[in-house]
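The structure that follows is given in the form of structure tokens.
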Amino acid sequence: MTNDERIALYDRMAGELYVAVISDILDSLGFRHQVMEANIKPVDPAERRVLVGRAHTVLMAPIYELTEEPYTVQIAAIDALQPGDVGVEATGGITGNAFWGELFSNAVLGRGGRGIVIDGYHRDTRKILELGFPVFSTGARPYDLAGRAQAIDFGCPVICGGVLVNPGDVIFAEVDGIAVVPGVVVEETVRLAFEKVAKEDRARDELRAGALLSEVWNRYRVL
Amino acid sequence: MTNDERIALYDRMAGELYVAVISDILDSLGFRHQVMEANIKPVDPAERRVLVGRAHTVLMAPIYELTEEPYTVQIAAIDALQPGDVGVEATGGITGNAFWGELFSNAVLGRGGRGIVIDGYHRDTRKILELGFPVFSTGARPYDLAGRAQAIDFGCPVICGGVLVNPGDVIFAEVDGIAVVPGVVVEETVRLAFEKVAKEDRARDELRAGALLSEVWNRYRVL
Amino acid sequence: MTNDERIALYDRMAGELYVAVISDILDSLGFRHQVMEANIKPVDPAERRVLVGRAHTVLMAPIYELTEEPYTVQIAAIDALQPGDVGVEATGGITGNAFWGELFSNAVLGRGGRGIVIDGYHRDTRKILELGFPVFSTGARPYDLAGRAQAIDFGCPVICGGVLVNPGDVIFAEVDGIAVVPGVVVEETVRLAFEKVAKEDRARDELRAGALLSEVWNRYRVL
Amino acid sequence: MTNDERIALYDRMAGELYVAVISDILDSLGFRHQVMEANIKPVDPAERRVLVGRAHTVLMAPIYELTEEPYTVQIAAIDALQPGDVGVEATGGITGNAFWGELFSNAVLGRGGRGIVIDGYHRDTRKILELGFPVFSTGARPYDLAGRAQAIDFGCPVICGGVLVNPGDVIFAEVDGIAVVPGVVVEETVRLAFEKVAKEDRARDELRAGALLSEVWNRYRVL
Amino acid sequence: MTNDERIALYDRMAGELYVAVISDILDSLGFRHQVMEANIKPVDPAERRVLVGRAHTVLMAPIYELTEEPYTVQIAAIDALQPGDVGVEATGGITGNAFWGELFSNAVLGRGGRGIVIDGYHRDTRKILELGFPVFSTGARPYDLAGRAQAIDFGCPVICGGVLVNPGDVIFAEVDGIAVVPGVVVEETVRLAFEKVAKEDRARDELRAGALLSEVWNRYRVL
Amino acid sequence: MTNDERIALYDRMAGELYVAVISDILDSLGFRHQVMEANIKPVDPAERRVLVGRAHTVLMAPIYELTEEPYTVQIAAIDALQPGDVGVEATGGITGNAFWGELFSNAVLGRGGRGIVIDGYHRDTRKILELGFPVFSTGARPYDLAGRAQAIDFGCPVICGGVLVNPGDVIFAEVDGIAVVPGVVVEETVRLAFEKVAKEDRARDELRAGALLSEVWNRYRVL
């Protein structure tokens, strides 16, 4: 697949699929631990868009002193982002500061990045909302990371929101939650997901027409 | 009361009362533990509607293997729902999966159900919001319940959100929280609640006109 | 500064500053623990306004019996509020009831108060939203405080949301979080905050024009 | 009952009963919420003694400034203790300091008190163990309460460890946990508890002799 | 392997191995999630014995009403225990009651069971300690399970302490924690564990003789 | 002070002082946040010894892949320990593995270290207890840190158990908790602590002789 084809696929996934369907398909393929914890949500509670892209990972660690260059690795990580990428910032559970803000968001847009997922706090909510840049985080906290946390690596495996994310995995994030599709099963997952969505459409029609749930289940075996 | 009268009463309660007033009246009658925990919220954070109806309970339990028929009791529970009912799904604190989704919501609508309260996760947020079906839950998580949880009984007493709910109790759910009105005091609670709302209207008018809170409290004894 | 000048300053801060900038400036002055915990949020999740004012503190404690006059100290505290004040209710971690509601909000408006910050629950969400009164809390719970909690002092130092608040400190609250600016550094903080905002505007412009983050950081040293 | 008879009864209860039996009897009488949370434990993890006595309650609240007389109400509460009493300190969930220490323990011994139950931290573990004074707490933390917490009342109803304790209730505390026997059912509870212990002795003998659990359950209906 | 050989192997493992070594070997075989959560501990904090045996699983669920026969499945599960078995009670996170007590312990001893692991509370601490029966739990709470929880299945896969346990897996439990050795790798794990213990003995000798840690690590590659 | 004098002072502090007294003196000097969180306890729950020494800090971070040399910085940190030092391992809240074990303990003994404080898990409880080496941790968990966590720095400021620890601060750890005495006030703290202990001895004598607590407080002003 060319880069453009990949990005076109992400757009189609974002437009037509649901994370619940992605999760069901991953379940059926034996990948039953691919959804991040439920406290990572879009910055905008009214967000209805879906963020899909290739994981570009960053690994965070604590630090307890002020240094001359507190952002070096984070800056390098952002400048290395490729078009079609979704930044995945793994905080290791640090809650004392924000890991993301508005200027970083502008920088990612400049690199062609599609959005950011953090298992920690962001800041600059109002400016991020104005910008319309997709950020999924555990909430907002104004503290800067300088003297509180630091990026120590990027492009490495990380655990974010409880799920192992390898560079190259595909992130599917929406208001319901965030699934990590392992690189090796992206194609199969997408194909099966489109099939399941079609079946659910037929089940829904019958339920709306008044059918009992037991009948619909027996007919379509989807819920 | 006929079924239609009951439903008309629920509609009037939903239109004119507040859960804070319901809770105050229950307090005054000696029922001081009738409000569910604060983490059960409407799926739509901008929800202003009130959900009122008769509790139709479902009891959940863990399961750790995939079975042929993972939804049997849940389906039977939904198909047994009566017009005017609110489904109350008691999860026992299971957070590993969603207990509710869009197809279930369509099925409840088909049975005349008014909405759903779960002390656990739902999924299919976007479709539930389109449908406009009232779901109160602890948030969204995409994992299906198959191989993770199971309904084991319905129509039985449950503890949901920390409150004992007996079938036939009345659920009053809004953005502020969810009260469970025990069957035996529904009429008394409703009557006293309408009286309190009237008093609060007069207190509010005086406060807006600049009265000191101490004066208003001494006059109306409501806050 | 006259009272009117003070209020005009609060309005200008609310209109042009951000809590992240306030926090960064406080950090740079050596005040690194001035932001409340992240679970205190505006009642309206779509709130974009900023609440700025002088802290008027109230200290809460538990109580486990019903008394004749459950609101005495709370009422006195509200009636003592001055124009330009923000009420700061310190609950000590009590989660069993609401500490704030709609009638209290009307009373504060009548005294010229600007808003309320509580490290506990409020109630009457729907009426507070109609009123447009700024309340920051940890969420909604309908239980009244009578027989559950009591105000025991006001105008005293409190810890609210993990931060020591002295009467006279300035509260800066928005959707990102809530900073407490110690009385002695208000002027310096405000001056430096306006300077930082200007620098960030220039950095943002360059990022949007496609500059690498490393270049922008080296040029402006703000993030 | 004379005071001496009461104390003799407490001694006999401590010597021959178990909190699990007390809890089962309270369950059977319809009092199903009489056991404190599981994190209140004897200071000595190897403690095998049982503490029984009449509840003498103290109510705590936060405070955030240093005062001239930080211990006034606490001291009055201890000096008011009667022989046969167990102090019950209700902290309201404050975890920032210790509520109990060695000098207080010596003072209670001087008044004829039998021990102390706190739903918060103690300090002076080593000296309390030397003294052999029964203290049940949530653990040890060295911080003094001055400027952190204060007693605000005593001899009033409190919630300690999640259970409502009225003055005059009987506390039964051991390594398994702490039951609160409401004043009105003390006699009935004690009588039934002694009966249940006798039945369990017979069931145990048969199980040790190799009987199946199903047989023993059918014969004695105790577990 | 005969049953006696199996039990002899469990005894040898209990006498000579450590759960840290078992965990390291499982790590090296790619099984990196086989240790239960850290809050499951021996009832006796001074316990130095190791419990090893074949997992006999029980699945728990909530219940909120009193029934005639609250213990039926639990009793059947215990009566079905085989010599060499370790009971594994999966509570699904229920903390409102004890799942184990002294009479159950006597019953297990009568069936040749070696001990019990519960991710929930036990009761009857004093009697269990007298009996010397190995129980690993999250602590003690006196409430009986009747009307609070129920066994609903046994001999099925369960998640206990966060780890999937299949019937036939081997449990290795000691004061450090509890490992679950999947049935298919028991032999390999045991063999490699004995080898690692021998290497550690040599490393320890050199460290005690004053060697630098870096030298010892380079020589033995064990820590 | 020579090194030997320093170590002699630590020994005298360990023999005659209490962490509650150290904390009270630090409070009185304006250092009110010097005691670590209450969940860091001696490995041996029956430990009565006190650990005093100079802080030698290590900073931990997450890692999610297996590397050739997972222990490099940790080994260097241990080999750099000086006689009289107490290792302080700051985990940043990582709970997925142990940070300390028996071989590390032997290595520290070989360097003249006095003990270890970790705000995370240890392993090898049984061997550490045999060795009698003082380890304070949040409990035991068998998982090795390889592929789960890594030391990234040592000899730097860290936050351990919620307290900022600078190299050269003095650690005072016992069963009650762990105080960090900032380098600049060590001498003053020690002098005042010995004075307070003497006063408490006199107060205790009077309480044991039956004096009221109010009298003793008025006389000595210590509690």
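So that you can tell them apart, the chains are marked A, B, C, D, E and F in the order they are listed, and the count of residues begins at 1 in each.
In this section, contacts are C-beta pairs under 8 Å (C-beta built on N, C-alpha and C of every residue); 3 or more make two chains touch, one makes a residue touch a chain.
A quick note: this is a predicted structure, and the numbers were derived from the prediction, not measured.
Number of steps on the shortest path from chain A to chain D, with steps defined by chain touch: 2.
Contacts with chain B and chain E are shared by no chain at all. Different-residue interface: chain D and chain E share under half of the residue numbers found at their contact.
In terms of residue-numbered contacts, B-E and A-F present the same interface, as over half of their contact pairs agree; the other options in D-F, D-E or A-F do not. Between the Cα centres of chain A and chain C there is a gap of 31 Å. Per-chain Cα centroids separate chain C from chain D by 41 Å. Rounded to a whole number, the gap between the C-alpha centres of chain B and chain F is 50 angstrom.
Shown for chain C are the residues that touch two or more other chains, namely 45-46.
Taken pair by pair, the chains that touch are A-B, A-C, A-F, B-C, B-E, C-D, D-E, D-F, E-F. The touching residues of chain D, when paired with chain E in their complex, are 18-20, 22-24, 27, 32, 35, 38-39, 45-46, 48, 174-177, 179, 200, 203-204, 207-208, 210-214, 216-217, 222-223. Residues 59-65, 90, 92-94, 152, 156-159, 164 of chain E are the ones that touch chain B when the two sit in their complex.
Put simply, chain C touches chain B in their complex at residues 45-46, 71, 75-76, 78-79, 95, 98, 101-104, 106-107, 109-110, 121, 123-127, 129, 139-144, 146-147.
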